[in-house]
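Written below as structure tokens is the structure these notes are about.
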Amino acid sequence: MKFSVMVNEGPYTHQAADTAYHFIDAALKAGHEVFRVFFYHDGVNNGTRMTTPPQDDRNIVNRWSALAAEHDLDLVLCVAAAQRRGILDADEAKRNGKDADNIAPGFRISGLGQLIEAGIQSDRVLVFGD
Amino acid sequence: MLHTVNKSPHDSSSLRTCLSLAKQGSDLLLIEDGVYGALSGSIHSDTIAEALNNVTIYALGPDLKARGISEDRLISGIKVTGYDGFVELATVNDKVQSWL
Amino acid sequence: MSETKKFMYVNRHAPYGTVYALEGLEVVLIGAAFEQEVSMAFIGDGVFQLKQGQDTVDSDMKNFSPTYRALGDYEVNRLYVERESLEERGLNEDDLMPLTWEDEDDDWAEKKSIHIVSRAQLSDLLEAQDVILNF
Amino acid sequence: MLHTVNKSPHDSSSLRTCLSLAKQGSDLLLIEDGVYGALSGSIHSDTIAEALNNVTIYALGPDLKARGISEDRLISGIKVTGYDGFVELATVNDKVQSWL
Amino acid sequence: MSETKKFMYVNRHAPYGTVYALEGLEVVLIGAAFEQEVSMAFIGDGVFQLKQGQDTVDSDMKNFSPTYRALGDYEVNRLYVERESLEERGLNEDDLMPLTWEDEDDDWAEKKSIHIVSRAQLSDLLEAQDVILNF
Amino acid sequence: MKFSVMVNEGPYTHQAADTAYHFIDAALKAGHEVFRVFFYHDGVNNGTRMTTPPQDDRNIVNRWSALAAEHDLDLVLCVAAAQRRGILDADEAKRNGKDADNIAPGFRISGLGQLIEAGIQSDRVLVFGD
């Protein structure tokens, strides 16, 4: 079965990012396909490489990057939501006249159409948020 | 149809709204702070026990465990499942509604 | 691309206190280009999104309520509002913005976009969807 | 003591909790989505009208206006104030408790 | 620096679902170094923070419940739990972690840090504070 | 009168950052002193210079920076909360081995002691959050 997932909250603040991760991990382990993970609202904050959580806690951003590398997951940050919150890749930084970018490995920035497409292409869409 | 509720019934109206709209035969999975709705002996327990006549209610085991809620404290009839069971519920149901 | 799917955008948050209503509306506008069967549900505090007379001049936030009026032009014309949610909040249909669309199959007649439905009807509508996105 | 509530009484338990702990003579300011608690004719209006015997209730004008709530729709006895009035309330009261 | 103030940390969120409990506790620990008069209140879902038996091994979150046991060593020993909040949630005092502190003025006698108080008592305690921080 | 304010939520997602701003602005206009604004939890996201909100909306980050410049306001981002969420100044970037920083003008990063000190030094502390 083909799943897509929308993640609406940032790391640590709400458990949504954790639950989404564990759901996707379990779906992949059960042999399902994950078509896309779309990060919206504060969810885009899952995709910054600038975090340094305490050593004795999970590293939510690195966990996403590792899962993406292992399973060739498509992790998409919504561009409009990312602009409001200061998450950028090199292209976005250039376009918006910013002096640095902060996107984490395995993530890409794209438009809301990617969410609709995920809805069309997937057998199930799940939303995790606050 | 699978419904998920991730908020405590004491703090948020999500569970009440979910139960008012869930059809007979639906599945409901309590996750995150939503698992507090599975506790017996609370002021919401009777409502939830009654809803069991209508819907099948599950609570996510890892979230119960994190919060120190052992299975003997749950409303009778509520089933405990893991992330694998969550995936299974999302598979056997034709869609998922998250009552955020 | 597969056949047409039924998308429902479920709105349960009041406007302004949180960003979910505004950013949810942005999804609906983008989604309108995909020629799917689209509807919106307004449940609980979500009904406040459609309240008439929103004016943010004193609070310096973006007043996005005019965008709801544009939905008809994007052929988003099935806005289902739960009657019980309105009543519990002391509101009625006249408190909502008068949203309309023009039906090209009926000589461009102007028709209402807002449909007040009962809890039972809304439950049926939810069940009839293929994809539900929550804001 | 000044209490602030920023959540809708329909969605959250914050206002109820505040009213259960606010002492006679306290000030209560409804802000953000909390201003929905000031609407007359809702299922919570009677409780709030009754609380007016105990506490003075204000609602933040800019937040009412943003949400399209005109003053004639408010529960009788609730006062409307601006950010300057909020500052004044925080000054005349010896402390502020935010029911987040 | 001015005289000693009464600080109360008001906890109204359950643990794990949101970060407020964990980050609130970090404030309490830092605040303990400032020699102010410190207390904590647990109201509503905040009482769940003190539930015994928390175990995050299956959910891969940080189990911060042991930190509450350390509060006594920091002389944070006035943890007020609203009785009505416990009862509404089907809990009683035995469900809570047995938190203690050692009273150096009483030959290091071990004493309870958790005080179950009524809503009326809690209302009085709130009124008696100088600074209230909410988590 | 001397005020301090704690801001617990990020920009746009919750109105808390707006209300805090307008409260502080009104307090300053009324002739009060604002001792410190302490950003905690997701509130630290108010302090990134990487945001590009839509042209027709308020720019919450720039608004803070301007208010700080005008009134010599002390805007403090909690270091622990900022590390969890990827907000850094140049020092923090160096310390944590990151290749860039993203703090906005007028903000500084410091410890939780700054919040307690604000409570001790101020006549009133107000908390804005979710």
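Order of writing sets the labels: A, B, C, D, E and F. Residues in every chain begin at 1.
Assume a contact is a pair of C-beta atoms (placed from the backbone, for glycine too) under 8 Å apart; a residue touches a chain by one contact, two chains touch by 3 or more.
It should be emphasised that the depicted structure is a prediction, and the values quoted were computed from it without experimental measurement.
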item	value
Those chains which touch subunit B and also touch subunit A	C, E
Most heavily contacting chain pair (counted by C-beta pairs in contact)	A-F
Copies subunit F and subunit A - interface residue numbers shared by over half, same or different	same
Whole-Å gap between the CA centroids of subunit A and subunit F	26
Inter-centroid spacing, subunit F versus subunit E (mean Cα positions, whole Å)	27
Distance between chain centroids, defined by C-alpha means - subunit A, subunit E (Å)	35
Junction residues of subunit A - those touching two or more other chains	8, 12-13, 15, 22, 41, 54, 80, 84, 125, 127, 129-130
Where subunit B touches two or more other chains, by residue	6, 10-11, 13, 32-33, 62-63, 82, 95-96, 98, 100
Subunit E: positions in contact with at least two other chains	16-19, 44, 59, 61, 130-132, 134
Chain pairs that touch, as defined at the top of this document	A-B, A-C, A-E, A-F, B-C, B-D, B-E, C-D, C-F, D-E, D-F, E-F
Subunit B partner contacts - residues on subunit D that touch it in the complex	10-13
In the complex with subunit F, residue positions of subunit E that touch it	1-2, 5, 7, 19-20, 23, 26-27, 30-31, 33-34, 36, 130-134
In the complex, subunit B residues that touch subunit C	1, 13, 17, 20-23, 95-100
Complex contact set, residues of subunit A against subunit E	12-15, 18, 22, 54, 56-58, 130
Subunit F partner contacts - residues on subunit D that touch it in the complex	4, 6, 31-33, 62-63, 82-84, 86-88, 90-91, 95-96, 98, 100
